[in-house]
Amino acid sequence: MDDRYKIALETVAKINEAGSKRIEDAVGAIAPDFHRLIMSFAYGDINSRPALDLKSREIATIAALTAMANARPQLEAHIVGGLSVGLTREEIVEIIMQMAVYAGVPASLNGMMAARAAFATVDGTAKKKPAQD
Amino acid sequence: MDDRYKIALETVAKINEAGSKRIEDAVGAIAPDFHRLIMSFAYGDINSRPALDLKSREIATIAALTAMANARPQLEAHIVGGLSVGLTREEIVEIIMQMAVYAGVPASLNGMMAARAAFATVDGTAKKKPAQD
Amino acid sequence: MDDRYKIALETVAKINEAGSKRIEDAVGAIAPDFHRLIMSFAYGDINSRPALDLKSREIATIAALTAMANARPQLEAHIVGGLSVGLTREEIVEIIMQMAVYAGVPASLNGMMAARAAFATVDGTAKKKPAQD
Amino acid sequence: MDDRYKIALETVAKINEAGSKRIEDAVGAIAPDFHRLIMSFAYGDINSRPALDLKSREIATIAALTAMANARPQLEAHIVGGLSVGLTREEIVEIIMQMAVYAGVPASLNGMMAARAAFATVDGTAKKKPAQD
Amino acid sequence: MDDRYKIALETVAKINEAGSKRIEDAVGAIAPDFHRLIMSFAYGDINSRPALDLKSREIATIAALTAMANARPQLEAHIVGGLSVGLTREEIVEIIMQMAVYAGVPASLNGMMAARAAFATVDGTAKKKPAQD
Amino acid sequence: MDDRYKIALETVAKINEAGSKRIEDAVGAIAPDFHRLIMSFAYGDINSRPALDLKSREIATIAALTAMANARPQLEAHIVGGLSVGLTREEIVEIIMQMAVYAGVPASLNGMMAARAAFATVDGTAKKKPAQD
């Protein structure tokens, strides 16, 4: 295991290790290198850089995924990740609410639905979902 | 002037008052109510809520506009705004770099170009642009 | 209840009151202010302005949500809303078909699927869905 | 010239013939069939269908292009087209304003800038632009 | 049946005839002309042009739909289509992986999930889905 | 210089070395690590993988950037890159034309404008542009 992947896994462990594991399981059979490549880039190269703390990084990621409005599984995973690095539920809701200004009301509203689902996952009250997808 | 618009203008004054004035001038002739309506919503209703500090809010907005990749004038304005509320140039660059993971390398690269332009505006070294557009 | 929210609820009542109520129920627990804020903006400030009739406004909204292709629940809700303000099913289908030109065939085709589902909701033949999401 | 292309050109003549001619000139050298193919589809197959009047169609197109926020030349062309089929400047501004709700404030604001430019084109007060692009 | 529609159906027969039939069934009741219009354009006018082979065309379509990240049913259909015209599973996975660079990791990851589902459809191991939608 | 960056620069040299150099110059002052990080990922990790030839990869990238319709400088750069790895101008035009089906006519039309500009760059007949942006 090279250094970037090792740093990536250490960084992911602080954010959402279960989510990373689900990705590995989901794509391993069809794209065996993919998990290592994207994790090494996303968490080994970028999110582990000391120039910005993980809490600020999760604010940025939750905002971007809410605004892009086309990556629901990843938005849910990063809402869980935001809680892991110290954001409160109220702060996460506030970030998603703010996106109504920049990406429109539907994007913000659908982000709220993702937050509701992610909070239920954390509370252990979520309806069971098929692996990753 | 109602309370929401008043709070909006006070909030904008902390972020990017010149940008708000440019919008007012640019759209006033064709849409006289527009500046008041959108400022009252964006800054009177949302960005002035105490649940999240302005620094975190600008992280979210810079991330979202970089990722959406279709609102260059607003991205430049919020990079200037991020500096006003205490983000460093290095932190802004880091947020934009992070978007390479979530929105792709071109969105991140074009965000860097917006940062370069916004920094030049702040430094007084920018090439002159036509009003707002 | 302030005037903007009151006007909002009166305007929503002409379009899709049940949809507004579903949103209120769905996000109330995690974002108690959200329904009032977005409804006051969307329907109190904007959609209630006399400069454009509600039928034209629903044409615009159905077109935009079909073209953006990332807000299926809201598209279904506004297809129901379009019927409420006097658009025919044939006109709604025609708007969605037109989006094949501007947003591509997949966006138009997925819009047709939303129309089929919304029509089934109106006919009482829809499969039951979990609240809002 | 086949029937679809003939109907297309007749339909375009009611909306924005100069814009269609600019496209033909701009892409003719590199893609000689393109103008005929896209015009026959957009205006021969779709926009000429009697199920929706041209005014309603331009409402839909202006809304969609404002919301998509990535097709400025086409948005300007359809704002000119909207005026040709009987929309007033106030109605066009209202459609674009409404998009702040569904696609966010930056998309709406940049749509206003397109309207300002299109109105100046119609008034003969626009700054000269290079052909199409 | 006119020539364009005939060519369209012949071209579709080489790519994903079952998918085309599913669309026809799904939208026939609400939009009876839609299948003929979009197939004639997509496959009669464009995808049947000899200037590019079908294998290259499916590379382009799979890449675009992965990057747009808002047309999952169509992406699955074109992954099946890519296999029909001679792309290997490894090549399709590689195209989708490449989109991580241009559209971001979430778009690429969700594309992988579409590939997993499409491969399962081809293998006859897919979970049953409701028609088209 | 590590191996990934070395492979990246060798791969870029086959596609569009001048474009890579322009990026390095444009962002070097504000984001000194960015060029190495994104090139190592885009060309060291992904585009250099032997599972797909560079010609197929440029088909995918030109299609995706045309369809995303928000990355004009990168689209122009990859049109130049497509020519470098053996695509003809006719094939590139055909890929962009095909995107009218999947991403709509405006995206395809604006892609054609990018092709016209990129071909002019290659022919040495382009109007001079400011560095990168």
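Descriptive notes on the structure:
Letters A, B, C, D, E and F mark the chains as written, and numbering starts fresh at 1 in each.
As a convention for this text, a contact is a pair of C-beta atoms (placed from the backbone, for glycine too) under 8 Å apart; a residue touches a chain by one contact, two chains touch by 3 or more.
Here the structure is a predicted model, which is why all the values come from computation and not from measurement.
Touching chain C and chain F at once are the following chains: A, B, D, E.
On a Cα centroid basis, the chain most remote from chain C in this structure is F.
Mean C-alpha positions place chain C and chain D at a centre distance of 24 Å.
Annotation: 39 Å between the Cα-based centres of chain A and chain D. Note on chain placement: the centre of chain B and the centre of chain F lie 29 Å apart, centres being C-alpha means. The set of chain E residues that touch two or more partner chains comprises 37, 41-42, 46, 65, 67-68, 70-71, 74, 93, 97, 99-103, 105-107. Within the complex, the chain F residues that touch chain A are 37, 40-41, 45-46. On the side of chain C, the complex with chain D involves touching residues 41-42, 46-47, 49, 51-52, 56-57, 59-68, 71, 74, 90-91, 93-95, 97-103. Residue ranges of chain D in contact with chain B, taken from their complex: 69-70, 89, 93, 96-97, 100, 105-110, 112-113, 115-117, 119.
Touching chain C in their complex are the following residues of chain F: 67, 99-107. Residues 23, 26-27, 29-31, 34, 37-38, 41-42, 65, 68, 70-71, 73-74, 132-133 of chain C are the ones touching chain A in the complex.
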